Amino acid sequence: MENLLQKYQIVREESQRICAPLEKEDYVVQPIPDVSPPKWHLGHTTWFFETFLLSGRDHYRLFDAQYNYVFNSYYESVGARVIRADRGNLSRPTVDDVYAYRNYVDKQMESSMSVLEADPATSKLVTLGLNHEQQHQELLMTDIKYILGHNPLFPPYELGYKLTANILGSFGGFISIDEGLYKIGYASDGFCFDNEQGQHRVWLDAFSISSQLVTNAEFLAFIKDGGYTDVRHWHAEGWEWVCQEKIKSPLYWYEIDGEWMYYTLAGLRKLDKEEPVCHISFYEASAYASWKGLRLPTEAEWEVAAEKFNWGRRWEWTNSAYLPYPGFQKASGPIGEYNGKFMVNQMVLRGASDVTPAGHSRITYRNFFHPPLRWQYTGIRLAKSIC
Amino acid sequence: MENLLQKYQIVREESQRICAPLEKEDYVVQPIPDVSPPKWHLGHTTWFFETFLLSGRDHYRLFDAQYNYVFNSYYESVGARVIRADRGNLSRPTVDDVYAYRNYVDKQMESSMSVLEADPATSKLVTLGLNHEQQHQELLMTDIKYILGHNPLFPPYELGYKLTANILGSFGGFISIDEGLYKIGYASDGFCFDNEQGQHRVWLDAFSISSQLVTNAEFLAFIKDGGYTDVRHWHAEGWEWVCQEKIKSPLYWYEIDGEWMYYTLAGLRKLDKEEPVCHISFYEASAYASWKGLRLPTEAEWEVAAEKFNWGRRWEWTNSAYLPYPGFQKASGPIGEYNGKFMVNQMVLRGASDVTPAGHSRITYRNFFHPPLRWQYTGIRLAKSIC
Amino acid sequence: MENLLQKYQIVREESQRICAPLEKEDYVVQPIPDVSPPKWHLGHTTWFFETFLLSGRDHYRLFDAQYNYVFNSYYESVGARVIRADRGNLSRPTVDDVYAYRNYVDKQMESSMSVLEADPATSKLVTLGLNHEQQHQELLMTDIKYILGHNPLFPPYELGYKLTANILGSFGGFISIDEGLYKIGYASDGFCFDNEQGQHRVWLDAFSISSQLVTNAEFLAFIKDGGYTDVRHWHAEGWEWVCQEKIKSPLYWYEIDGEWMYYTLAGLRKLDKEEPVCHISFYEASAYASWKGLRLPTEAEWEVAAEKFNWGRRWEWTNSAYLPYPGFQKASGPIGEYNGKFMVNQMVLRGASDVTPAGHSRITYRNFFHPPLRWQYTGIRLAKSIC
Amino acid sequence: MENLLQKYQIVREESQRICAPLEKEDYVVQPIPDVSPPKWHLGHTTWFFETFLLSGRDHYRLFDAQYNYVFNSYYESVGARVIRADRGNLSRPTVDDVYAYRNYVDKQMESSMSVLEADPATSKLVTLGLNHEQQHQELLMTDIKYILGHNPLFPPYELGYKLTANILGSFGGFISIDEGLYKIGYASDGFCFDNEQGQHRVWLDAFSISSQLVTNAEFLAFIKDGGYTDVRHWHAEGWEWVCQEKIKSPLYWYEIDGEWMYYTLAGLRKLDKEEPVCHISFYEASAYASWKGLRLPTEAEWEVAAEKFNWGRRWEWTNSAYLPYPGFQKASGPIGEYNGKFMVNQMVLRGASDVTPAGHSRITYRNFFHPPLRWQYTGIRLAKSIC
């Protein structure tokens, strides 16, 4: 097993590997507020280490005092910052500047690592910073896909890009779970985020859950049956969203001359019908389930059942709102802003996706997004109650 | 106990009693989209009976075929309708027209009541219609308060309006509840809404809950301590809301010459410090709880504990999102749109308020609103986990 | 000729005559910010007399000190006011209150009239107030038409409402005007607004101008020829407006079962093809002229030619921006806000319309609106240059 | 004098010289819709030559058929295009792609130039394309200034950037012009835009006009006297703009520790009080004039007087709306969209500015912008009527 320095180097290197195929121009743009420029991700993850681990240490000099204003994401308690929607309006710092910033901070981190590792508080913060960077690696992939996939020239990220890591076997059919008192939440010694901490009991009524994700072929049947225009299957807010945004298919799908195409990281391709459906909102996932006469699982159901099926190709929408577990406490200080303040108006996703860094997720991991968002690798797993 | 006809007459009469002190002009306006014109409430509750009980019956002639367009609220499956924000742009039908509509429908309902009562399906629909009208009676009161309370002349609804019905004694202190498996949800024979149906088990960790609501005096302490400007207590979306809307106190509060005043249905008055705080958003309730080092209860905790304290003066914000109970099923047909389609992005309120019709609420009742809304009689009850 | 008291009584009476057919509810609503509630017009014209002629006089007591806040239109120097878009949110003062206000101010004005008339400054202000009220009489008519014409029930204002006053004969053909130095602007002793004051010379190149307004039949030909979808005829901002607002015909026109209908003050009627086209924006007027290979006249051309044709049924869009005449001076004090501050981004209309009070307009009169507005009785007269 | 090929090479080279100091990232961003990314300007000016001169010629192959979608600005008749506000969301084509596109088109243009020059129609189009590119050179400078000047790091464009070309001597005082019939508009043989064509007579009343532009020192006096908070000097729409946008000084001005600084192309500098005021909206220019008890000149006054004073450092706001001259005709075909469709809601600027390409402007030149815009090098010259 790697020591902390090795882990640090592996994770930091991975962010730069992800960006290697980009042109400089690709690092800069922000087509929608949710999507950040790649250079911002590279700078922000570096700022995290500088701010929470290096800043204030003896002899450490900030790389550039103004970078706090540019690379702070949402830590209100760490000072003013560029508003999110303006990140794509900044041509400076340049890409080269950002890489210089990374190198500067990496050298300082590496030379301080033995000291940081020795103190449990800072060691834990380094690990948090690395898990934080892995979250941004997933966002880097999804944001890059959005940037290139919304360019009228549809440039590929890598012509030979292949989904190889996560091909899953299939169990087939639905898995039944008995009613009972179960435990969910993180209970081991390793790293987890504060929002999954606190193993606790939950009562579950009997239910069954699909061993497989909904496929593109299955979702096409929903489209062909008029699912997008049948109000009965939609939340009121989902229906408003569908009508206003004129949604007629998952994100990145295009019907061209009667053929369904979609944008992939390898470029525009014919839709692969066997793949699990991807890039759908919570509203679409929920409407699909209603159309099938089924429902989405809750996050507790998912966590209890997940040992019995393969997961990891799609973040799976649950019908649970993102709320604190019993006994949840925000950390004191700025790190306390990490998760707790987002616990309203978002839905929980469970699992991991094709672009999640290896080893980053786990069965207790709680991801969360607003119901209409689609640019993550989101999918559908169905469940039903057993009366 | 009253028979269905008597119940019908009592409830229908009550809506008109509520509107008696109004000027005709007060029936017409809609200062914000959430607030409907009183004449719209009077028409819409009538439309409910006409559409779901009279329309299509032998010999029944619609009062006016175009009223479906005007008075349908959100039943997509019953046809097109005036968009919500346009309700206050309609001078016609006039107030007199709406009362004529009520009289017409009431006569038809009354003469058909014995037949309707004999059939369990229609009898149940009449009861639903009456509970629906009681919900609108509460909205009538809150919307009238908004209309008059946002007029620069601050006209009283009734100069002598008194809060008499719901003065509650106090138990004092916090009530402790042991961990255990509890049942929540409606389990009796009487009427309940579909969203509270399905008694089911929930596991609760040990907690304690206040026997009393937070008072205006206590909330003033939060204000004076800078609660509205301390980001640490707020959800990210709550903080954005506070900053953008420049929120500095509960709705209807005005600081005039150093004295806190508030608008009541009896006009502008000096703030009563002993009253439970009212007209606050979920964000404010949650921030207040954080400032006290406590939290809001979940709806399950509330329901389990509520037999041990008095409730009924404020709708109490819980930290539970409005989601379906296990086994929840939408009714088939238009009535299926009643509750289920709103189960996203809203928080649950429990209890009842000063303006809830007598006998309308119950311990399993689930109300729900979007987090920033404040024009209902909302309040705060605190809870804490017992580790 | 009437003395000032008689004029006062005639004009004031006329405003109330216009409102006589209304229901109370019609006085209250404001379907778009441009359209004010009729009771606001009645109150505001009264406020003008109270504020600029009675307030501050010996022994005069304000009817209600808060009415300044409610009925001030745009006089920044006279204090705060309800924002324009909120006028329709005020149920109070009631219609009865407003009529009581009118009676109160009228009595005071009438008993003070001999004194006011004796002083040239106040006499002039009374005349300004009456012309101001006449402007609002026209707005009352157009706003009432909008309120009733946008109600889904299409209630008539008066079933027997007839356009009788302004039937114009026709000269036929185009009228040629030689190049030369002409004088425009008001030069007599009577009343005029500050924006038309200052007779001055303008050079005009030779041009000809139609003796008649464009008719509904002619405008239909433009529609049928695809005028609304041919970008070549539109200003860039007009094109954006057409696309965004999905404009396909003049305001109040509806194509029902292949037949063109329009809303009139007598209710929904079959389109009268011989009538001059009405309720069109500047963009539509200009696009129509382009489609005909002609142009709109400038306001100077219109004023020079207007003695040779009949006018008065439509406010006629010119291709002149609303700008000050040479030597234009704002009056000092609040009355200086009357016209000058609107001299940007608006286009000049000349003439008068079916709903202009008799005797209110004149050949030098300059009306002005923003290019996309259509709820006034606007029309088209074509011109062409003679090379 | 240069031949057309030489002119072509000089102008095309100049665009690239302007961009030489930029980082690649600076070419990409679009902080507000009015400001286009520099690489878009470089591509669009090239597209103009490709589309209107090369495309369709024998043997010419488009560099990339999709570039029409990316680089068309507003020519509706030439096909669909990226909406203006999305230009900054495109990372591709890259900067290198755009330079390759320029080289490709330049080679084709150069090898075809003798043929193009021989035909008066295409020769005229080449000249139009070069004047078009010069307009974009000015926009390049102003857009680059906006991009760098709104970056929180305030990077300079060139540390040693100097305003050297246009230092003007001063005549001092006001220049009087007698009333009379004057001619304005372009009357020579050289190139002019269609909007300035058609020399024609105008009558002017006597007036005088300042020989000098208003300076920063003079404008500071307006600020210090409360000019931005005195409603009497402002158009109604200007006042709304000032309040909503919280405008308190010209664009790029910052008051830091009691000292006025401004962003220049050489970086953030102490305000030079002797410089003509710059980067102000029409509303501010007009309010300043009102505060001085003077007014802005009309464009006809400016053109008649301009031989008697130096101009060329600021585009000077006039009080004339941008409207067609008598006899104005749009060209047929796409080139007809060049100017005419913008003739509404904009005000005329006369003169030239520090960043106007040498020889591009002339005394009859009509520039135009919407009243609130400030990112051009706009200034103020005062006038007054002589009664």
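For reference, chains read A, B, C and D in written order, and residue numbers begin at 1 within each chain.
Definition applied: a contact is a pair of C-beta atoms (placed from the backbone, for glycine too) under 8 Å apart; a residue touches a chain by one contact, two chains touch by 3 or more.
None of the values given here were measured: they were computed from a predicted structure.
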Longest centre-to-centre distance from subunit D, chain (CA-based): B
Distance from subunit D to subunit B - Cα centre to Cα centre, in angstrom: 57
Between subunit B and subunit A, distance of the C-alpha-averaged centres to the nearest whole Å: 36
For subunit B paired with subunit C, centre-to-centre distance based on mean C-alpha positions, whole Å: 45
All touching chain pairs, where touch follows the definition stated at the start: A-B, A-D, B-C, C-D
Contact footprint of subunit D on subunit C as seen in their complex: 74, 76-77, 181, 200-203, 205, 231-232, 234-239, 282-283, 286, 319-321, 323-324, 326-327, 336, 341-345, 347, 371, 385, 387
Subunit B contact footprint on subunit C (complex, rising order): 23-31, 39, 66, 69-70, 82, 86, 88-95, 147-148, 150-153, 155
